[in-house]
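Lettered A, B, C and D in written order, each chain numbered from 1.
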Amino acid sequence: MAAQSASPAIVAGAGAGLGRTLVSSFNDNGYIAIGLNRTVPNGAKETILAVDLANAHLTARKLLDLNGTHGAPKLVVHNTAKLVISDFENTSVDDFEAIWRSMVLSAVNLAKGVLPGMVETGGGTFIVSGATASLRGGKNFAAFAAAKAALRALTQSLAREYGPKGIHVAHVILDGIVDTEASRDLHGMDPARMMKPEDIAQVYLDLANQPKSTWTHELDLRPMGEAF
Amino acid sequence: MAAQSASPAIVAGAGAGLGRTLVSSFNDNGYIAIGLNRTVPNGAKETILAVDLANAHLTARKLLDLNGTHGAPKLVVHNTAKLVISDFENTSVDDFEAIWRSMVLSAVNLAKGVLPGMVETGGGTFIVSGATASLRGGKNFAAFAAAKAALRALTQSLAREYGPKGIHVAHVILDGIVDTEASRDLHGMDPARMMKPEDIAQVYLDLANQPKSTWTHELDLRPMGEAF
Amino acid sequence: MAAQSASPAIVAGAGAGLGRTLVSSFNDNGYIAIGLNRTVPNGAKETILAVDLANAHLTARKLLDLNGTHGAPKLVVHNTAKLVISDFENTSVDDFEAIWRSMVLSAVNLAKGVLPGMVETGGGTFIVSGATASLRGGKNFAAFAAAKAALRALTQSLAREYGPKGIHVAHVILDGIVDTEASRDLHGMDPARMMKPEDIAQVYLDLANQPKSTWTHELDLRPMGEAF
Amino acid sequence: MAAQSASPAIVAGAGAGLGRTLVSSFNDNGYIAIGLNRTVPNGAKETILAVDLANAHLTARKLLDLNGTHGAPKLVVHNTAKLVISDFENTSVDDFEAIWRSMVLSAVNLAKGVLPGMVETGGGTFIVSGATASLRGGKNFAAFAAAKAALRALTQSLAREYGPKGIHVAHVILDGIVDTEASRDLHGMDPARMMKPEDIAQVYLDLANQPKSTWTHELDLRPMGEAF
């Protein structure tokens, strides 16, 4: 697709793993995609910009800049996650706050920065990455599950408010391990049983292509054979 | 795609509306699709076969025949529905039984007829059409919701048993009115606010194409702006 | 409480275990409770009557008789269950039908026989016993989960239709093993980790006593320490 | 019940309405109940203490004091809520943060202050008040629903971690309007269709009395006839 006709896309939380693949996959499929991340990984400075998404002012300013340069985005993904696995007793109050800022407040800041422009320019797709913990507060997941559940509720509210204005808001429950370098190190799992980031990216692209007659608000993804 | 390489597909519940569109859409997209229905609509006798899906013996025999002619299917959809909207007091015991036979027993018969062959030949996709009532027993929907909820539970059990054997089992919640002649008559609704059967068919095709790394078990579909 | 002021109660599915305890516990707590069961256990013929609850005519006649003798019930419990644990391939079509008749059709027949009289005489409580499978179609539970999910949807529809008419309809999810002779034999489990039938009965009595300001539609019960 | 045998109870969020009734009702039913609230209402200074529950240090110190005076509590209720009804665009980032602090962080602080002592002294009951928004992110409820959903997930994690240690953790979904002065002013609703605080208090007392054989983790409450 010619560059001048490509639609702007934004991926919040693009430092490694899934987020970075979303950026490159979107760029390969008709979008001009920019990743936003607290830090910029080596070799990614053209497509990933540094911003603290938990900071309302900095995020607003960065999104305003992007809007000026590229126009309102047609596809936006919230993909930040800060996983802490720990029993409640050893999860500090600061952990709870840091996780909430990283995962929920960042989504609020992102939505505030992109949705008005998207409404004005005729719509688009806003996707939030969820997890098993979006539906279940498991043992040793209190802070992470509280944030993922909050994010799911926020996404539902956004869908109900912005759907009638032409914004397709979707929540994708990633119920399995995403195949990244970090997760290979952490889980020591057979990569054949992990979800490939490029396959997830395809689902996000499909969501962005759904016609207005049939929008999906929520779907789950897991590898074949994953217990659930 | 050349006929000899096309994969067999079966749509149970194909008399009108969505089911019939699924058959033609699958035929247009690389499948040899056959519909099964209690009665065969005019002009459809080449692609839709008559069978009472609630009858275990007749269904088993028909599926055995199809298996002999075309080989095990790669894509199977359960799409029968018998909608009764009535308060509990005026829903007869016979209504409850007829709806259960039409919607749940037919799925059991279908699954029993296709899954073993699909497992043997290396997998495939089995999709069940759900509805708003799959998740909610509403007022005046006792019999329909009981059947749709049963179907959802059955589909979950099948996913957990057959997923590890290579069968992708999915449940699609159609949370809105499908645009068919019958529903236009029944609801007197703006067609722009209905779901197009061909758009739903595309979602089913996408599910059948999902790689083993990322299978969706459940997703919802509704038209833009539909309240939920 | 003197017999003449006691309220009639009916427990459908009272052959053994929980059902029989519900009858005796209700009788000890201000009700004249009658159990209904396909067969009458030894020594229980005064409080348990034989009736095939899956048979609409026989159930209707028996409930009409009871209504004539005792008046409309104030507390009704549906507690029939037919547990089959088997993979889908080895669960026959007849199993699916028998389980549906025993668990779902029996509830329809029961509700049809008691609700009109309860509405006419000013209300009462209708409780359905659920299980883990009410919310989840697990591996090897296809037929049982389909029936329990159907029952939950039916109960929701009844709550929405009969609540405004003064009938408190509730669904209790028994998420654990009930301590009965049969389950001790089947599970070989430490009885201290099972739910006591008399403790469950107390919850049902509490539900029947809830004031109209605060009705519970659904609650779960599990023993301390049970994983969920 | 004589004062010396009464068990300590704590109600976090006790300024008005339900919280204040919980304190008095617990005091009338065998507990020595203390309310905690940011401000102390007139005439309540004996049973309600001022503390900013969103402040980790102040809350920890206050709970340590209470523990020293009364011993570890046997019944603890989290009941703080900060309701904002507003579309997303007009809900500020500060609103999101204030609501999260008031509703979620306060629960973390409370749990951290009471659970270790409760485990040490042999158990007790920890109840969290939920709402319709605990299950659903509705239009104009983004911040409130995000907090209530987070609280539900947190409560589930606590139940799974502390249940085996003898703490009964429960989540009560208040699906209706509580009859308080504030809600009468706000909703102009027939009080007969509201939930009475004293009836809710009775449910909380019943939860605290459940034997270890049958613990409820979640239940809903709504007035007769309330649509759901």
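Going forward, contacts are C-beta pairs under 8 Å (C-beta built on N, C-alpha and C of every residue); 3 or more make two chains touch, one makes a residue touch a chain.
These numbers come from a predicted model, not from an experiment.
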For subunit B and subunit D, what is the smallest step count along a path of chains that touch one another? 2
More contacts between chains, A-D or C-D: A-D
CA centroids of subunit A and subunit D: separation to the nearest Å works out as 32
For subunit A, give me the residues that contact two or more of the other chains. 159-160
Just spell out which pairs of chains touch, all of them. A-B, A-D, B-C, C-D
Touching residues on subunit C, where the partner in the complex is subunit B: 56, 87-89, 93, 96-97, 100, 104-105, 108-109, 111-112, 115-116, 133, 136-142, 145-162
Which residues of subunit B touch subunit A once you look at their complex with the stated criterion? 159-160, 163-164, 166, 168, 179, 194-196, 199-200, 202-203, 206, 210-228
